[in-house]
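Consider the two complexes below, in which chain A is the common component and chain B and chain C are the respective partners.
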Partner chain A sequence: MSWSHWLLQVLQVALALATAPLLVGWVNQCRAWLQNRSAPSALQPYRVIRKLFHKDAVIAANASPLFRLAPYVVFGTMVAAAAMVPTVGTGMPFTTAADAIALVGLFATARMFISLAAMDIGTAFGTLGARREMMIGFLAEPALLMVIFVASLISATTALPAIAAQLVTQSAGLYPSLWFTAVAFTMVLLAENARIPVDNPATHLELTMIHEALLLEYSARHLALMEWAAALKLFNYVTIGIALFVPWGIAAEEGAFALLVSVPAFAAKLLLAGAGIAFIETVSAKLRVFRAPEFLATAFLFAVLGLLVHLLLTG
Partner chain B sequence: MEHLTLDLQLLNAFAALLLLLSFAMLSQRRIVSLVNLLALQGALLCAATLLLAWRTGEQHLYFSALLTLALKVVFLPWLLHRLIRRLGVYWDTEPLLNVPFTMLVGVLVVVFAFGLAQPIAELASTATRNAIGIAIAVILLAFLTMITRRKAMSQVVGFLSMENGLFFGAMSATYGMPMIVELGIALDVLVAMLVLGVFFFQIREQFDSLDLHHLETLKEDQ
Partner chain C sequence: MVAHVWFEQASPLAGAPGVAALEVDADSWSRVALDVAATAGRLVAFWAEARPAGGSWLRATYAAEPGVLVASLALPPGDREYHGLHEVFPAAARMQRAVADLSGPEARGGDRRGWLRHAAWPTGFLPLVDAGEPAPPAAAVTDNYPFVRVTGDGVHEIAVGPVHAGIIEPGHFRFSVVGEKVLRLEERLGYVHKGIERRLAGRLLGDGHRLAARVSGDSAVAFSWAYCQALEGIAGTALPPRAAWLRALALELERLANHLGDLGALGNDAGFAFGLAQFSRLKESLLRLTERVFTQRYLMDFVVPGGVAVDAAAGAEAAIDGFMATLAAEVMRLRQVYDEHAGLRDRFSGAGLVTPDLARRLGLTGLAGRASGQAFDLRIDLPCHPYDELRPVKAAASEGDVEARVAVRFDEVAESCRLVRDIIARLPEGPHRVEPACPPEGAMGIGLIEGWRGPVLVSLTAGPDGTVRRCHPHDPSWHNWPVLEHAVVDNIVPDFPLINKSFNLSYSGHDL
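After this line comes the complex of A and B, so read on.
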């Protein structure tokens, strides 16, 4: 591993940390435009995070150390996940350290801690949010794994950068199985990131909130870390989607010139993905909580169909 | 992955989309949307036939593509829409099984169909033999659609979708049936549809509903 690989790795993590809030801001802006509201600045999430870091934290009297620890763990896992997902280049040292299945495990760790922390204080809303989060998580996880398996079958590896590199360098082919899994992945992305058909990120209406209920007891720097981690999670999911389904333009070989192409390409894909999420959120209505399993079962179905179609059509 | 030419890849993609549409029909509860999906399935079938005709150079496939377009994309959906309007049936009642469970059964059916198609595909010599499994899956899913529905209308749509699957299967196994057989089947479907159209009115006259479970209790000594 040469130093340039490590430089690329550090660059990618820094890029993820810096642009994740911007992506959330962009999605919010697009949503506001589509709904004929005057849009907040795309930089708003940065301002919120900075404001929260300057406040004094209030913590419930009966909070255990776990409650204080959770934001750091959640943020840490999201940063580690960002290190595994290729954004602008594929030659990364982390490729050999962890693959996409470990990535799913990291997301599960974060979910575990955030749910435990929500139940820690013992408020009704925290417990309710934790239960719903776990319900959605355990349904979304198999679908996500299945999506990754299909991509792995096509490129014979489970490491995300290798999958992306494989898809880029191979002669362009039509993969109907990947179309199916792309639909499944989009549904998982919406569910996992508390987006509209499953959860509404802009609501504090107690009967419907999931993600917000988990964060109710947090304030100041803890809340800032949680918000940032949520933004990173969305960023990670979007980049996984880009790496699996539209990797073209990513720098598969070394050199500054390849990066010169891949960074604008990546930025364009990110902008499009953000606008797409905003569009889906605008045209769909929020499902009742009890319809969420149906939604995620459909995602799983799409992923399995992708697998079957792949096995049949190439067999 | 073995290397396929672009037109074959496109055909495979059409096959995959046909399967997707079958699942969409399985989950759809609005009859109007069901008919639209059927028309879309017909259009896909027509496109696949055209592509195959261009690829193989078989003249009769052009005719069957034309037939598909006229019958399955234009005429039958139009007829069904007209029937829906005149009968006023827009929604199917709650299906016998709930939707997620039906979908899961559907996945099992697809696995079964793929297993079933394996020996057939080995015997077939066409380049499209991989799609035979999908054709069988489409047929069986249409069966499932018919089984899980109560309204006569949606059962007929399932029946027509099954015919689409059969047609696609014949196409991918042997590059289409002989012209005379294809014409016969097309005419059959047309006549069946017209007769069933009359039937709908009779059923409604008799039972004040299109729910087919009334037919199960029909006895002479009622």
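After this line comes the complex of A and C, so read on.
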């Protein structure tokens, strides 16, 4: 591992931290356009985060240290996750320490902390949100794992950069199994990131919330970290999707020249993915909460189909 | 005995067409209620008035076959109890509690918990009877309201409001749930009690319509028309024909604005923001048109005693007619989108079910009632001028779920578009306003107008020197709030906002 690998690693994490709110802003902007509304600036999430960091935190009197700790843990896990997902280059020394299965574990850790913190205060909404979040989580995780297994079977590794580096040399037509898993992954992405049709990120109705209900008691810097972590989570998911299904353009070898291609390619893919999410959110209505398991079971089914197709075709 | 026998004994009352008044004794009081119920009649409103001679009048208004009957029971001074109507008409329960809070008389065997009094004034002080201001409490008083507890394995409570995550009116909802399933909902209202009835007393009669219009902002035309109808009735003022038609125009514009807003909000609450954007656009265009024609976006001070405040702007007819044609076409297309969207249909269908039988027993009224087989509409059943000539078509459904309430709204939007164009085409010439006469002291009139939410009643009694002695504005939300508690049972918690929105009841009009 050369220093340039480490530089690329640091660069990729910094890129994730810096651009994650922009991706959320872009999705919101696309949503507004698709709904014939005049859109807020794509920079709005940065302004919100900045505003929140300048506010004084209000914390419930009966909050335990867990409640104060959770935003840092959640944010930290999302940063760590960003270090495992290749964005513009595949040379990432950090991934020798943790693979895609550990990544799923990191997401689960974040979920556990955010849910425990929501229940910590003891309000009805926090508990309600935590309960629903756990329900979504335990259904989404197997589907996500199954998606990763299919990709791992193809490339014989569970490290995401290695998977991407392997897939980028092939053409997608060779792997119909990946098309099934792509559908599964998109569904998991929507569910895990509190998007319509599973959750509504724009809702003001406290009784229907999942993700927002978990954050109701947070304010100021804690809320800013939670919001930023949520943006990072969406960013991570989208980049996992890009690495698994459309890795072309990613810098597989060293050198500044490769980055000249991979950075614009990655930006274009992010923009497309954001617009795609906004489109799905615009044409769908929110599911009844008890339809969410059906939705995620379908995702799991697609992932299993992908696995079967892979086994059938490779014998 | 059946209800029409009581109508034969009654004498006609000024104001809305078909209203009759009858003074009854304690014995007939309950018999009238039973007879009205036996002939599929409904309770319209219940309130109390202080008698000049001491004691109070209890007034129950019923809608039954021949018309509307106001039964009045005199309660002598010192007598605080009367036979409650809640066993016959469950909707009366909360009105009786409000009467106990504000005027004193208590229903025998009724719920004794306060309803509108939130420890805001001392126990024993009766805002509508006692003069002067109550002494402010020395320290803040905690209002300990005994909610009904549901016990059992895994049952827990979710307390929502009165402060909500969105900017809506305040109300408290106490859910008893198992998991996500609602076992029971109990409402606690009264947070926006503003003392409107007391404020109205003593005002000039010619000024009261302005406060009446503000009872519930979304029904401003309905309330101010009902007030003016009662006032013009007791004053013997003949309304110029053009004014009546302009009022109908305003009422239909108000209905359209509210329905368009609700249809968008219903889509949004199901996570379909496209619907909100489209219907908001249509509603905004409608409000701008209203402003162009009548100089106001929301017609707060439009209906005035003796007519309307402003005549339609010159050349407005063509603009309204053209807009209504486009509006009807656009709403038709959006209805298709709503009808064909699988996700929306899944959310709307079967949610918040109120069967026609339950609706009849609980007295569900207005728009929500029409979605549950209670096909009553004052514009058709007891039309005041010009509805007797307009002959609107009644919207009706009997499924009683959110989908039915959406469908009734769509039907009424289409019908209102047609009515508006009809009104424009037939608008008579002439003055739009006359000076109302001064009614004699003690005269009582009833105004009854079908607002967008349901029948709005205003009872008005004149005092000395052209002042209001007593005015009671009654919003249909009084009847529908308790039904909402039944509509959510067995639904899941996250469906409540959608069900609630499909009723879209008024807090302000209810809390007064």
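Quick note on the criterion: the second predicted complex is superposed on the first by the 311 of 315 C-alpha atoms of A that agree within 3 Å, B and C clash if a C-alpha of one lies under 4 Å from a C-alpha of the other, contacts with A are read in each partner's own complex, and residues count from 1 in each chain.
Keep this in mind: a residue touches a chain if its C-beta (ideal position, glycine included) is under 8 Å from a C-beta of that chain, and two chains touch if they have at least 3 such contacts.
All figures in this text were calculated on a predicted structure; none of them were measured in a lab.
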item	value
Touched partner set for A:Leu207, first chain B, second chain C, both or neither	second
Touched partner set for A:Leu312, first chain B, second chain C, both or neither	first
Partner chain(s) touched by A:Arg37 [first = chain B, second = chain C, both, neither]	second
Which superposed partner A:Ile196 touches (first chain B, second chain C, both, neither)	second
Partner contacting more residues of chain A (chain B vs chain C)	C
Partner chain(s) touched by A:Phe266 [first = chain B, second = chain C, both, neither]	neither
First, second, both or neither for A:Phe180, with chain B first and chain C second	first
Which superposed partner A:Ile154 touches (first chain B, second chain C, both, neither)	first
Contacts of A:Lys286 with chain B and chain C, given as first, second, both or neither	second
Partner chain(s) touched by A:Leu128 [first = chain B, second = chain C, both, neither]	second
Footprint overlap on chain A, comparing chain B with chain C	none
Footprint of chain C on chain A - complex, ascending	31, 34-37, 124-125, 128, 196-197, 200, 202-209, 212, 216, 282-291
Chain B-facing residues of chain A, complex	154, 171, 173-174, 176-177, 179-180, 293-294, 297-298, 301, 304-305, 308-309, 311-315
Of all residues in chain B, those that touch chain A in their complex	1-4, 6, 9-10, 12-13, 15-17, 19-20, 23, 27, 99-100, 103-104, 106-107, 110-111, 114, 117, 130-131, 133-134
Complex interface listing, chain C residues touching chain A	156-160, 164-167, 180, 267, 269-274, 276-278, 281, 341, 343-344, 346-347, 492-497
